[in-house]
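Below is one structure, written out as structure tokens; the observations come after it.
In order of appearance the chains are A, B, C and D, and numbering begins at 1 in each one.
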Amino acid sequence: MYDITVIMNSSTSKTEIKIAYIGGGSRCWALNLIGDLVLSTQLTGSLVLHDIDHEAAQYNVRLADVIFAHPAAATRFSVSAEQSLGRALKGADFVVISIEPGPTQLRHADLEIPARHGILQTVGDTTGPGGILRALRCIPTYRGFARAIMEHCPKAWVINYTNPMAVCTATLYREAPGIKAFGCCHEVFGTQQKLARLINDWFKTGLPERNEIELDIAGVNHFTWATRAHWRGRDLLPLLRDMVNDEKFFANRRAEAETAAAEQRWFDHHFLVACDLLRRFGFLGAAGDRHLAEFVPWYLGSEAELHRWGVVLTPYSWRLQRSQEPRPTANDQKDLLPSGEEGVQQIEALLGLRPLTTNVNLPNLGQMPGFPEHAVVETYAEFRRDNLRPLLAGPLPEGAACLVKRAVSEHLLTLDAGFDNNPHAAFQALLNHPLMRLPTDQALIMFSEMLNATADYLEQPEKWRRFAG
Amino acid sequence: MYDITVIMNSSTSKTEIKIAYIGGGSRCWALNLIGDLVLSTQLTGSLVLHDIDHEAAQYNVRLADVIFAHPAAATRFSVSAEQSLGRALKGADFVVISIEPGPTQLRHADLEIPARHGILQTVGDTTGPGGILRALRCIPTYRGFARAIMEHCPKAWVINYTNPMAVCTATLYREAPGIKAFGCCHEVFGTQQKLARLINDWFKTGLPERNEIELDIAGVNHFTWATRAHWRGRDLLPLLRDMVNDEKFFANRRAEAETAAAEQRWFDHHFLVACDLLRRFGFLGAAGDRHLAEFVPWYLGSEAELHRWGVVLTPYSWRLQRSQEPRPTANDQKDLLPSGEEGVQQIEALLGLRPLTTNVNLPNLGQMPGFPEHAVVETYAEFRRDNLRPLLAGPLPEGAACLVKRAVSEHLLTLDAGFDNNPHAAFQALLNHPLMRLPTDQALIMFSEMLNATADYLEQPEKWRRFAG
Amino acid sequence: MYDITVIMNSSTSKTEIKIAYIGGGSRCWALNLIGDLVLSTQLTGSLVLHDIDHEAAQYNVRLADVIFAHPAAATRFSVSAEQSLGRALKGADFVVISIEPGPTQLRHADLEIPARHGILQTVGDTTGPGGILRALRCIPTYRGFARAIMEHCPKAWVINYTNPMAVCTATLYREAPGIKAFGCCHEVFGTQQKLARLINDWFKTGLPERNEIELDIAGVNHFTWATRAHWRGRDLLPLLRDMVNDEKFFANRRAEAETAAAEQRWFDHHFLVACDLLRRFGFLGAAGDRHLAEFVPWYLGSEAELHRWGVVLTPYSWRLQRSQEPRPTANDQKDLLPSGEEGVQQIEALLGLRPLTTNVNLPNLGQMPGFPEHAVVETYAEFRRDNLRPLLAGPLPEGAACLVKRAVSEHLLTLDAGFDNNPHAAFQALLNHPLMRLPTDQALIMFSEMLNATADYLEQPEKWRRFAG
Amino acid sequence: MYDITVIMNSSTSKTEIKIAYIGGGSRCWALNLIGDLVLSTQLTGSLVLHDIDHEAAQYNVRLADVIFAHPAAATRFSVSAEQSLGRALKGADFVVISIEPGPTQLRHADLEIPARHGILQTVGDTTGPGGILRALRCIPTYRGFARAIMEHCPKAWVINYTNPMAVCTATLYREAPGIKAFGCCHEVFGTQQKLARLINDWFKTGLPERNEIELDIAGVNHFTWATRAHWRGRDLLPLLRDMVNDEKFFANRRAEAETAAAEQRWFDHHFLVACDLLRRFGFLGAAGDRHLAEFVPWYLGSEAELHRWGVVLTPYSWRLQRSQEPRPTANDQKDLLPSGEEGVQQIEALLGLRPLTTNVNLPNLGQMPGFPEHAVVETYAEFRRDNLRPLLAGPLPEGAACLVKRAVSEHLLTLDAGFDNNPHAAFQALLNHPLMRLPTDQALIMFSEMLNATADYLEQPEKWRRFAG
């Protein structure tokens, strides 16, 4: 596309593109994208949904047809489901990926086995035992995606939503260094929204748009740090520091947490972990507390300790149950509202149709000085026509950088493990994780149980099983 | 300022700032800034002109008063001249610097002494014998500026226009690592304008705005390279490569050059050097040919050779004469037209009043991977409120990178020479320059003559004279 | 010295040097040095003992006189005690430092306060709570040493024996970048000796000299790793890997440990931690188990867990008692036996009198690629005349490198804390330590108790006390 | 070998090895190695000579048989010629390579074509037009060697003697990253010998052994710099600096040069270029003047200029004539004298039979900080059993480093050109060379003539010819 299409900027014409969606049967991300596409005044074309659960993709096609037929639709896309990955990708201008690596039942191994050994995880899809195991399942799949993209649409831009974000994105690049891929995550948006609410509290100005809060960020996905925060000429960090210097801010939230757990509000949190990082390390954790807590050893010592910080564990049972609930129907889509995600804006910006600077996950080529080259990091980047240029992140101070570098090392070891089918590297990633404090032999027992439960989804399962003993 | 002022974004109010202008008697840059300020709908406040030639500053104050009284003026600034540097800087929000390091007569040593030894220079203010000598004169002065800024307005943003850009900007940072300075240059704009004219030739679309031509750039000031060039979805580099593959494009321009010289059109050029770099190294030189030619050994072997490429030497005699011409009068300022420079936009963007991404000179903190840390390089950067974040430059291929790294080494050696009053380092910078091909002993004779002619403007003149023998 | 003395290599003459010993009242290291000097056939001159406990230095002078009067003495040194640090250093060719930072009672804060909070430490002088606190006490003292050395004997070589080795050595360089200092430690010798015993077991060849075991090492002091191990053409790592693959090798050593504790054999160990690192990370820990265990989270969970690995805690009570025991007398020095330390050989090698390649602690200038520049690391180095050239360490694989980089970060934060009197940085070093698993607020309580107990030995004690609350 | 053979160190037994010699028909290097092997008291085994000129290899076998039959021979090697490269390499413990890339007539293109365009070269086998062209011929051949070694003797140590040293050695590593290769050169020995003669002049001590002169070196082959020089406690650099500060030292040597040329003493030189580098850049050039002069623009402007420095051009005609002279006969080998080369000592040291630290060419893994990773650089290295560990080179100051980095860039571009058959990269290497000052179009004409004359010895000759036009 990028060499030949002349984009017409006139307001009456639309740019025609093909989007291939891998994991197009997804309940959430695929529908978000469709819901945002229908509001685009600049795009039209085709959207091809590919999913190993072809029926789910077909179901989403029917939903999409209803949505694009909505009287308020700003555009039309031709939506179809396609069982062949190659055909889905053929000629695509953009590829979006959001998949679940294996059935939800595999999350049992990610979450419940560690819990039985005393290792608690709030999410377990990014880092730690669950994150590593899930990454091992993703790597062979993503290597296949990378090869298929390079064969069928090597010039397409690839947007990844799957967790573990850093490892999935890095897999694409390690398998296909010439790929044009990046990973997107809304956790930083959440930090902006939280700051917007605080601004309203402090200045009674009404709730600002999240985009008005200007951050500098640096880190890895789900463990990003805000090293600057401004709003309309005000530096927010001193205000936040004042807030966290008041001990009352960190009052025990056990009661709230227990209520939240009872009411199945798993995603509630009180910004306390993000702010404890600010208090201890000088800069604000810029992701949800559920994610931040998994990268450090201080909050997940016990469920009671976690509740003290106002965070609750998302139980495996609920995840399983939700995966078995009926899918949304077209009736759920009454109003056309933007999802809050940025995929469509990113597509428009890569087509040269609008300016955009936002946070993305990309291999480090210098944007995070002092961090390993090619490790996937999360920073701001400027979207240009067929071009994505990271902004140099402000320096992360040594205390925080040390924690993030450990996470980067986990990614590198996990990638080595997945690419070489090397269980030793994966086990080293696990041993070095701050949530792990079992003796090495007990850690091996735990990891072996996890591997045995998931080996069928890895390449060379027998090799992993042999290691697991 | 940055911590306290609340900027009102309402369309009816203006942000009030203080700008201190060092070199405020300048004929060109100071008037450009004034001419752009008067058109700003967002700024107001005071502009203080400081110059060692106080009369020149006073003269410009009178001009400014006329300009701000123009019926089409969009704003008012209170303009004054101030003899004390400290008072000029006190409380400034922005500092602009454009100076001449010493009287124009010193350019004789920069240009005529080398010429007598067979070393021709088209400009001689950035690199090579003249660039190095001029840099040596600038360094003590800029160290003084840096100290004064840190004393009187440490939070101000400092915009440098003086050449040699890289060394002047680096001097500010080496003297005051906490300074918030950057250097600006319009040479890349010229490349965009040239491409705009070619686009009009190729597509008959009318002349596009230069901002529509989207470049990726990397390099050092006056020796920047465009590694991408797009316009409305078209990749311009293949079109340029076709153009330069036609031998006729490089037809001998001696006649045109001789005419230009006769008519004193020193700045004329035909884009041939920029395009020869494209032909030989794969990417486009993104500065005027007069500048590019000084960084490499191929075009300045003789005046005839230079003319073949359509470039002429700017003679010292003309420079001297121009410096003695009467100053512009208020009558020259009939219409209020933007200068084409970006200083006012940069100020507005640093105040959070508009978005801006443009090319600037900044210490390398990772934006040019593989180049020495802290060397001042020229790349794009995103201007944010009180924050300037370089964009990671695309990789410069080895052939071009080698040439740029030599220039960076010249800067480092010159800075060492100037900070330590170390003539050996300056002489090494000179010996390693591609225009130098004299035996080392003859080079020393030439450099000694240059030093003797300029030593009074250096710190520890006797040390430099002793080296010169 | 280095520029003028002509060294006579003839066997009948000796090189005359001055050695200044800071901490010259020490019971152990000073006497080791004296005991090795007396055996040198190449050195003579003067040894000046400086100690804040001047009587202890004087005591050692008397011991030294007896030793140098021994009939088997190979040389004579004139030994004296000197109360003024400046006079002790004046004109020294070599400076040796081995000090205790404050009275032994301060070790209570290093060891007992953490233990009360559940944090066990086997040694507590290198890393973790005790290591950090001890480092904070050392930094002001070592800054003073560095300044005194640069004033009185700037060309002297400085040999450091004090722990924490990395921070002490780094302090010298941060305070005086031109200093010629290195740190020495015998832990790697212990690994060679252990391997020598295994070689004898395996091949029945008799016990080889430790020098015959050729290692490649990389890491930081007390957390070095052997990435190669050869003896007479045999690669020892495969043999060790076979050994550790036998589960019986790691049989529970609780009984042995309890016996050792009962018999006050605190330094006993069974090489199990070093070998567990080999088993898990592929390369051998090259320091005693007591040290290795403190850098990772797996062995010090409880005293019972530690005993399982055959290691015992060295109790504070014993340390205190030993510091109050009577000093050795001349009668204890009946035979002149080498200490096994290498200080005298290093001195000889730096004088050009013998070849030597051994392990030393030096700022990283490239010998450990991928590790921060200037961090003090432990690798092999070749000693030459007035010149110490590190050998490039073989690559440390990611799993082990991640652990070592965390330790390097601890050093950097501790140095920042000590140089800037910044308790936040010290607390971050502590929070990031793998032995710490307390919630951050409890960790702060513990650290505050430690700081209050030791603040008198820090610069700006009130600043530290204010942080401690 | 390295895993299984137990080396017997007893004085009566010898270690048995197989050496494969690629280029075994060579007149010089192969005979040097044989002449040194016969003196080894520690080695025995077999030496297999492989050469595309099989008769030459067979001739050398006969010479070797005579040499090993010499009554003073310390050992016996079984020497044979082998036409199959694979069979020659099979099971080798060491591989030595010294080849001529194509017939001597090709040197015409290396030397005479540039000369016709005004570009003079003293040697033309390392850098500049001749060095680049010769490198292009070597790369395909060396890629083949690397593949054959990895197939037939992947654990062998490979010693390269062929020029261009850096590119040949780098080719082995780029083709086979796991290879154990290094390059050797005696130019640094020549610097030591020159210093030995000066020491005798200065101190009248008799001529010291070259090994007594202890250097620190850094650079690339034939453009190494000595940053320290000591002899028995004396720092030689100040003495050298005094010497070069006397202008008479640099008196015009035209007469001597003309006599040398007339008498065909091409290799004569007066150390003037090495010392001019010392005078200008602070450190001593550590290679012969003929080599040093080719890396910089100052000495080869004309033959008269070169003669002024006492250096003469080695004419192509003599090279051709020498290649056609009769080979040495066994009668030429009357006495068994060491060659002065170090190959046999290196082999012994890699077998663990002796200590050795010497200068070698190896990929940069950190031993030259600030230089590109993996570029082949020349520094000291410590030889250990089956292990070669570079010593960290002392820092090269910016002025000299800039010149060396240009040479490294030439290597990288030439390697890219040879591996990818990319004439543009080769031409960029040429354009950036300091001896080149032709306009780019004339340079292209020259390079095209060179390529047309040598294309048959490159891969894809038609691609190179097409570029040459």
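Simple rule for what comes next: a contact is a pair of C-beta atoms (placed from the backbone, for glycine too) under 8 Å apart; a residue touches a chain by one contact, two chains touch by 3 or more.
Just so we're clear, the structure is a prediction, and the values are computed from it rather than from any experiment.
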Could you work out how many touching-chain steps separate chain B from chain C at minimum?
2
Taking the mean of the CA coordinates per chain, how far is chain B from chain D in Å?
45
On chain B, where are the residues touching two or more other chains?
none
Report the topology of the inter-chain touch graph, choosing from line, ring, star, complete and other.
ring
Residue ranges of chain A in contact with chain C within the complex
250, 276, 279-282, 297-299, 301, 305, 308, 370, 372, 398-399, 401-403, 405-406, 409, 412-413, 416, 424-425, 427-429, 431-432, 434, 436-441, 443
Could you pull out which chain C residues touch chain D in their complex?
2-3, 5-7, 9, 214, 216, 228, 230, 232-235, 351-352, 355, 357, 365-369, 373, 380, 382, 384-387, 389-392, 394-395
